[in-house]
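Here's the structure, in structure tokens; my notes come after.
The first chain written gets the first letter, and so on, giving A, B, C and D; residue counts start at 1 in each chain.
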């Protein structure tokens, strides 16, 4: 395999794609999660089942959709259901294996903020809000978070808990009645964090090629724990990059790059 | 118009059909209610909307269906919805104008029993049970009951309240949170009973041609009140009977009589 | 992922003694053939749930498979009583039959709650009726916003749900249309599920009004043409109204019913 | 029974100052043309409900029509922020904007409760989040059967719901397909409803995946070809992704937005 160069976004996407086992049911949000899921489906996981919150179950888009409601999703889905149904019958009972979430802030216990930076009533930045994230975080068997790592995004405590990770630590999910296992993996542009088995604090378990532990520590808003056996992820293969770039070139079915 | 002879069942059906105004939404059960609704639609109420509990909204069967789930209902409906949906979205919010109910027993306050004769645990006769009736009785804007009149069917108090009429009298429906107006008309083979405006007790307001007040009293299990201005219903017209008999001859689409 | 298998194998694996079993289909698509296989395999102590028990459960009850019936309307549509059901309730024959009784709206919402992964559903219903008093499965809840009182029914989560459908593809995705009743909810609420189909096809062409059950919520698919007889399968068969009428005489008489069982079910010679 | 009328007449009659207004459409079938008519008729003090406010409500908010927003996700999908929404929340421009915020599941279930005629819905959600604390519309209910605690959200019953659909027949029956979102529930939950359609036809041929809104739950139908632009109408038009991207620059700047309003809406010259 020849050496190829790649961007940190590509690395994140490839690592996210690899997190998806074949035949898994994946609840897909737009942007990087959709790209990663479609990359997985086009490489090692051809029978991955994509569920979009627009109600398209088993969508098989030949190109990357630009929104979660692109017509190509409805046209290629096994079935299209209403939005109430996708949440009540398909997500809520825990049928979905993996849910993807992004974050404006994520804290040491994997709680996610996509609502507001600063005070809710006097916001510094008003963000889009919850969308489907709280229930994805609550009900998917497992959640994968994808976020660029910095002291602004990885914070000791989020300003607003839009979606619950591990609350204030071990046992909180059970106490809150959340049926899924929570954010088992946080994939950043520097590496991968996983909850500590004992207290659920996010811990660095893997670095992307060329990234140091110090870089990861410097980009984290709390004293970052590092696993004893921290490893280094395989760089993207030429095959992965080829498929990824071809996918990205076709976003929205237009042959052009995404805005 | 020539004199024609007719059966008491035909008289009941014709009176029931006349109770349906054009453009009304009618929740139709099988048997006489379905016959009456289809008769109305074929005569004075061409834009009557038939809703069957099988989820067929706006069915326009060219012949009488034999069951509430005949294929012809689905094939001719404006839309077919699931059974949960027909109850939750269409019946429960009070969208339906008229609901038809039958009864094994009905009491002086219009409460209906279709569950059991005798004690529930030691039944004399086990009847089919509730079906859609309790919610039809609760939520349709108005209910029409069709029942053959006898002291076994018109009883002072039903053995089991499957569907609520007026409970124990005026004000009970409101107290129970039932949104519809309840059984405004009980059509029997002898005449028509309506709730007294003051206390909701079923009162004889109309007789079929040739029936006496005494006959109606004798066929009622409580001392039957008679309205001061009790009238006599118009007999079936030749046109009504013609359509009715043609409909009945085509039940189930087979050209034969119903079993 | 659904496995494509035979009806005997599917019933042997998925329907177990003592199960809460739901066989749904609202007039249309009633899985009679699967019920006959359940009888042939001599399943017993079943809690049989179904909105409209109909002939299919009259047969299961008469054959002694059922300990308890969960239902909302038990009649022979357009004909009259279910005599095996009545004989069990009124006389305890062949085995006593416990009843858990609801309205249609209550049963439908119990499946909805089961399909939704919540322990109960809320509806307007039961208020003022005797049903509430005779069913442990009806309670009252208060709206936390308006203070209004409504009824609650518990989720119904069958151990196994069986339905009949028009077709499945080779991956086990199931497609049904026409009157689709409560089948989607009954399958989604169940721990295990079995679907009999008229035919297996390479692709499922889009069909107006169709419900699709993705293969990942179905355990087994068995090809059983005519598996809904004497009910019907829209696009494949007509309702056998004569069978429903003839059932009245067969089911009125224990001996006639026993003969029917021997000749039509235990021999495996049943038309369906 | 729906009347077939014009968009200006329908909006004049059905959308009133101070209304709770819902304009739904999940990425697909967003009723932009109707929103522009609401702006042209200078409606104000609206409580605007919508799962994904999107450009359509960014425009209503920027035009000063909206006093309160009820929503679950307010972004420009695939592009970024809604700048008019942010300007209203962060700076109170052009008028302060009150927020009532839910998750998608919460909003969807609020419409379901409204469509079902019950005052609340039950779901697994909100537990442990800050949303509950910031929204008066989230409460806890206890399952009367299991004792489990779940979340409750109040029914959302708009004064008027507006949706776009592919077609209607001359009797006013409406048919839509593709991604149908929460439109059925939003219409059924509303006191009044208006549907814009691509075309009026003599008959509605059955269509896979179609939702039909019978004429008796619709107040008015207006024929507005392209009425969902810049969103799309499956079978009729493609999503205008360039418009969504161009909106970012227009909406960032109050003056540019005011020019857009003048040129594209108040003149009536808007492409949709």
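The rule we apply is simple: contacts are C-beta pairs under 8 Å (C-beta built on N, C-alpha and C of every residue); 3 or more make two chains touch, one makes a residue touch a chain.
Being a predicted model, the structure only gives us computed values, none of them experimental.
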* Going chain by chain, each one touching the next, work out the least steps from subunit A to subunit B. => 2
* Structure fact -> Quick note, more Cb pairs in contact for A-C or B-C? It is B-C
* Indicate the whole-number Å distance between the mean C-alpha point of subunit B and the mean C-alpha point of subunit D. => 40
* **subunit B-subunit C separation of Cα centroids, rounded to whole Å** => 28
* Structure fact -> Residues of subunit D that touch two or more other chains sit at 117-118, 123-124, 148, 150, 184-185, 209, 211
* What residues in subunit B touch two or more of the other chains? -> 79, 88, 92, 139, 179
* Chains grouped in pairs wherever the two touch, ordered by label -> A-C, A-D, B-C, B-D, C-D
* Structure fact -> Residue positions on subunit C within touch of subunit B in the complex are 26-28, 51-52, 71-75, 77-79, 81-82, 85-86, 89-90, 101-105, 108-109, 111-112, 123-131, 134, 148-150, 178-182, 184-185, 209, 211, 232, 234, 238-239, 241, 244-245
* To do: Spell out the residues on subunit A that touch subunit D in their complex, using ranges where they run on.
  => 30-31, 53-56, 66-71, 73-75, 80, 82-84, 87-88, 91-92, 115, 120, 123, 125-126, 128-135, 138-139, 160-164, 167, 172, 176-179, 252, 254, 258-259
* Asked: Which of the residues in subunit C come into contact with subunit A in the complex?
  -> 1, 115-118, 173, 184-185, 188, 211-212, 214, 216-217
* Residues of subunit C defined as touching subunit D within the complex -> 117-124, 137, 139-141, 143-146, 148, 150, 152, 154, 206-210
* Can you check the complex and tell me which residues of subunit B touch subunit D? => 23, 25, 49, 57-58, 78-79, 88-89, 92-95, 139, 179
